[in-house]
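Have a look at the structure that comes next, please.
Chains here go by letter, A, B, C and D, matching the order in which they are written, and residues are numbered from 1 within each.
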Amino acid sequence: MGTLKARVTVTLKNGILDPQGKAIEGALTGLGISGVGAVRQGKVFDIELNAANAQDAKTQLEAACQKLLANTVIENYAVEIVA
Amino acid sequence: MTAQAKRTDVAAPQITPELIAAHGLKPDEYQRFIALIGREPTMTELGIVSAMWNEHCSYKSSRLHLKKLPTKAPWVIQGPGENAGVIDIGDGEAAIFKMESHNHPSYIEPFQGATTGVGGILRDVFTMGARPIACMNALRFGAPEHHKTKHLVAGVVAGVGAYGNSFGVPTVGGEVNFHTRYDGNCLVNAFALGLAKTDAIFYAKATGVGMPIVYLGSKTGRDGIHGATMASAEFDEKSDEKRPTVQVGDPFAEKLLLEACLELMQEDTIIAIQDMGAAGLTCSAVEMGAKGNLGIELHLENVPCRESGMTAYEMMLSESQERMLMVLKPEKEEQARAIFRKWGLDFAVIGKTTDTLRFVIKHNGIVEADLPIKELGDEAPLYDRPHEKKKAQVMVSAESVPAPNSLLGALQKLMGTPDLASRRWVWEQYDHIILGNTLQRPGGDAAVVRLDMNRGKALAMTCDVTPRYCSADPYEGGKQAVAEAWRNITAVGGEPLAITDNLNFGSPERPEIMGEFVGCVEGIAEACKVLNFPVVSGNVSLYNENKVTGAAILPTPTIGGVGILPDWKKMATIAFKNKGDVILVFGECSGWLGQSVYLREIAGKETGAPPPVNLETEQRNGDFVRTLIRSERVTACHDCSDGGLLVAIAEMALAGKIGAALESQNVPHPHAFWFGEDQARYVVTANKAEAEKIVAEAKKANIPALRLGIVQGSAIALGGEASLELTTLAETHEDWFPNYMKGGF
Amino acid sequence: MKSAVIVFPGSNRERDLSLALEKASGHKSVMVWHGDTALPKDIDLVALPGGFSYGDYLRCGAIAARANIMDPVREHAKRGGYVLGVCNGFQILCESGLLPGVLQRNAKLHFICRDVHLRVERNDTAFTSAYQKGDVIKVPVAHGEGNYTADAETLKKLESDNRILFRYVNANGETDERSNINGASLSIAGITSENGRVLGMMPHPENAIEMPQGSTGGLGMFQSLQNTRKAA
Amino acid sequence: MGTLKARVTVTLKNGILDPQGKAIEGALTGLGISGVGAVRQGKVFDIELNAANAQDAKTQLEAACQKLLANTVIENYAVEIVA
């Protein structure tokens, strides 16, 4: 049992419109950053977790994604144990 | 009892002149402190005194002059000195309101600076037992073309909105100005008003010895340590980098805190309550004790902390948001705890009141501070700073100002300038209708908010100041700010009751700036006295200047005015209503162009004496107009301010989507007549028969009244000029802001 | 009609909504705390109010959708009970699976508070019987995340099943880009469940129930609900 | 010159209050995910970019972070070229 650190990344599924990403695209170009193509915005969660081991932590966090962190209708998620 | 406070665990830093200076204390101020306590302070004590004696908390440069402000009237329940001012609005109800600045934090981080500004002022109001029912915000930014302006506008407006919208209070009014003098220092002044029962108002004064002191709300982190000190430090090139830990606003926590506090206040449980604002725990605890002639003892290990290893120094100076301090009736502790639990908030007993008149801070048994509590406030430095009176500016004569090729062309141009363009882009980002009681939304003179659905009673509120007038003539400018607030309330049919003021100035250590401050305060005092419009709360923000350029901001004493309407069904709005109504102006139109928007935007000069304010005339004209409104004899009313008559008429036409056929006036300088900014004026409309009677009555009352034209058509027509279509005018007026902000983040 | 208004921490239009329900029905609605595990007995309508439940942190409505009270709300809906979600309530309904799709940030990313026009697409529902089909009503919006989004199939189905109850339109009743204030797919302002008894909508009919508020466009919805009860 | 894919991760600086993270912590615990300690929420941006090479892309994106993607008063950022 120990404290682990994990990073959960939640991103929009392909094909789902991303108004924020689109606005950022425009703004970046406006700021003179050249060559910007598509921008998609997502979220990361840095989570400290007490768990028996990394596998266990991963299982827990996947449940967390399913239940809350991601809206699986429009979002994908990835769980990574960092330390 | 003055056991010498000493830290033994960690090596306390040596108290050096640099360290003292870094705490914003001048050498003589530090000596004053040493003399007071008779020994070298601990670090925590140094932190405490730096917070208590800085400009923000001690009002050391302004106190002397603030005394000049009238603060009493039969309807004033609580004047300045508490968290907010309280006025009686009849039926056992009180309106509680205040305005406060968050200028410096907003310049550093506009979004969070603005959110925490709004959060702070809301807390001031609900701490006293009032449910907030309206907010306003007065914003001042640098020149639109300055490289930081757009970013600041975007962040501040989003921040004001984010907090108020989530908290659930309508933001119903405000001001936005642009001027190069705010380039290095924007102003964010937030106003909040709440409602309470007159017999259930809560104060900060503690009573009783041995009473538990309770910490409520969010946890303490290292947020904004030295925020209060920062608020009184001029900006230099480096402060862009030297960023303190920025406070982050959490409107969700604040909403919970509101509901929990109001629920607790239903029961007879609270002896005293005080929100933690600038310099957090320090200021709030000292204030509660000092006001009640009691000592305070805190045990910091019980303070709910967000981060580990926080020192006493950090806890005493943290400016984490959404926190309160309360003295509780001891037998009610469990009941109170249960309410806060229910709302998911921290509740911790962190100390008690004592009879020692000492402010004692212990952390894990170690005495970190032991100071005389009353002297921390009472013995704070008080300065009578040298102040210079400004040289009177010459009057600008109408013939010295070029006339435009076309009056309507000039109007069209003015309506699309940054200061006169529509603020819709701003206020549409604010929920201004929540609670369902907003009867006049942003865009008119004063906002009108009824108390509830079933009664006629409503409150009118407005924010006003014309900084360019204050700069040209502080005394007249101070008077004008109050008069304009009074006029805006009158123009909706309200009876002006009281004001809160937010005095934003440069460095008081410069005699010319101190002169502006003194002049404005004296002007405000005079206007409040004559108009019987007392000051019940306020806030001073000094050192608003930029070290790079040396430029101070324009003197900006923002006035937040509040008035009452016994029956909102009789209120006036600015919109033209009926074709055929006659347009009248009350008040003298001398064609005063000095410091006018016309002079600045069309003639390119920002010069001259501002329009003088005759307060007796204000009172007489205003009372006359209010009576007309309340007897439902006029169909629209608008006070005449920035831009003069033609701008006022254009705003009325745009609001009503009906045009005006204006009659050429027999005056020597039409441009001065139509764009002059004489004070004490109102534009009203009435049906033809009524208009004739009204003009006759005005003449009898010695009030200048002029017929200007007729409400009609879909354009503004004036004399022989090509008329100006409202659709064109609306575009110019509406498009400036969104176009300017395009791509702004 | 007996109604319950659910109060989540961070709800802020629960009073507005219950006032509107009360004005139309003459009955006070019951306020129900999010932590409760059951609805009061004999409730006809469950109303989820506007606000920023749980600060709208993570995703708007996401945390509220997982509150204790939402299980009984789902059961109520399953039994054919009426559910109305306004603004944050709509977001909660989507997050809780009672309605399809999600509400994303407004296309221009700003919060918008203004009066808009809505077209009533059906009047054969409990929520709209007091209107005529095609009526254009004026009601305010006040939201930052009202941009309705769903996959193409869902949208097609919503349309073919006649489940789009309100659309953003101009004053003439036509959909166009300008009037679609938040960029919603198909100009959707409100949709219903398959049985038409669960309605989620972004605009605030509860803030347009008497002229001093600027419009009475929302009153019809509360009258409709009242009529429904009478008919039942 | 080619199209590169990059991921920019923006996280709150230490010590800055994260109300979102706090709310999520509470919600996860409420949903029966045990052992959850601190949660901090951040953002990711998945960006397609035309650039001469990876180094060039990185320079551009760092400018983008400074100017827009991160609020450097309260946030840190990291740029990673993914493909």
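Here is the rule we go by: contacts are C-beta pairs under 8 Å (C-beta built on N, C-alpha and C of every residue); 3 or more make two chains touch, one makes a residue touch a chain.
All values reported here derive from a predicted model rather than from experimental measurement.
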* To do: State the pair with the higher C-beta contact count; candidates are A-C and C-D.
  => A-C
* Cα centroid separation between chain A and chain C, in whole Å? -> 29
* Please work out the Cα centroid separation of chain C and chain D, and write it as a whole number of Å. => 34
* **Between chain A and chain D, centroid-to-centroid distance (C-alpha), Å** => 9
* Structure fact -> dist(centroid_CA(chain B), centroid_CA(chain C)) in Å evaluates to 36
* Touching two or more other chains, which residues of chain C qualify? -> 54-55, 57-58, 63, 66
* **Two or more partner chains touched - positions in chain B** => 250, 252-253, 344, 745
* Multi-partner residues of chain A (each touching 2 or more other chains) -> 27, 67-69
* Pick one for the touching-chains graph, please: line, ring, star, complete, other. => complete
* To do: State the interface residues of chain A toward chain C in the complex, per the touch definition above.
  => 15-20, 22-23, 67-69, 71, 73-74
* Asked: Can you name the residues of chain C that touch chain A in the complex?
  -> 58-59, 62-63, 66, 95, 100-102, 104-109, 147, 149, 151, 183
* Asked: So in the complex, which bits of chain B are touching chain A?
  -> 743, 745
* Asked: Which residues, counting only chain D, touch chain C once they are in their complex?
  -> 19-20, 23-24, 27, 30-31, 41
* Mind listing the chain C positions that touch chain B in their complex? => 9-10, 12-13, 15-16, 19, 23, 50-52, 54-57, 110-114, 140, 142, 144, 204, 206-207, 209-210, 212-214
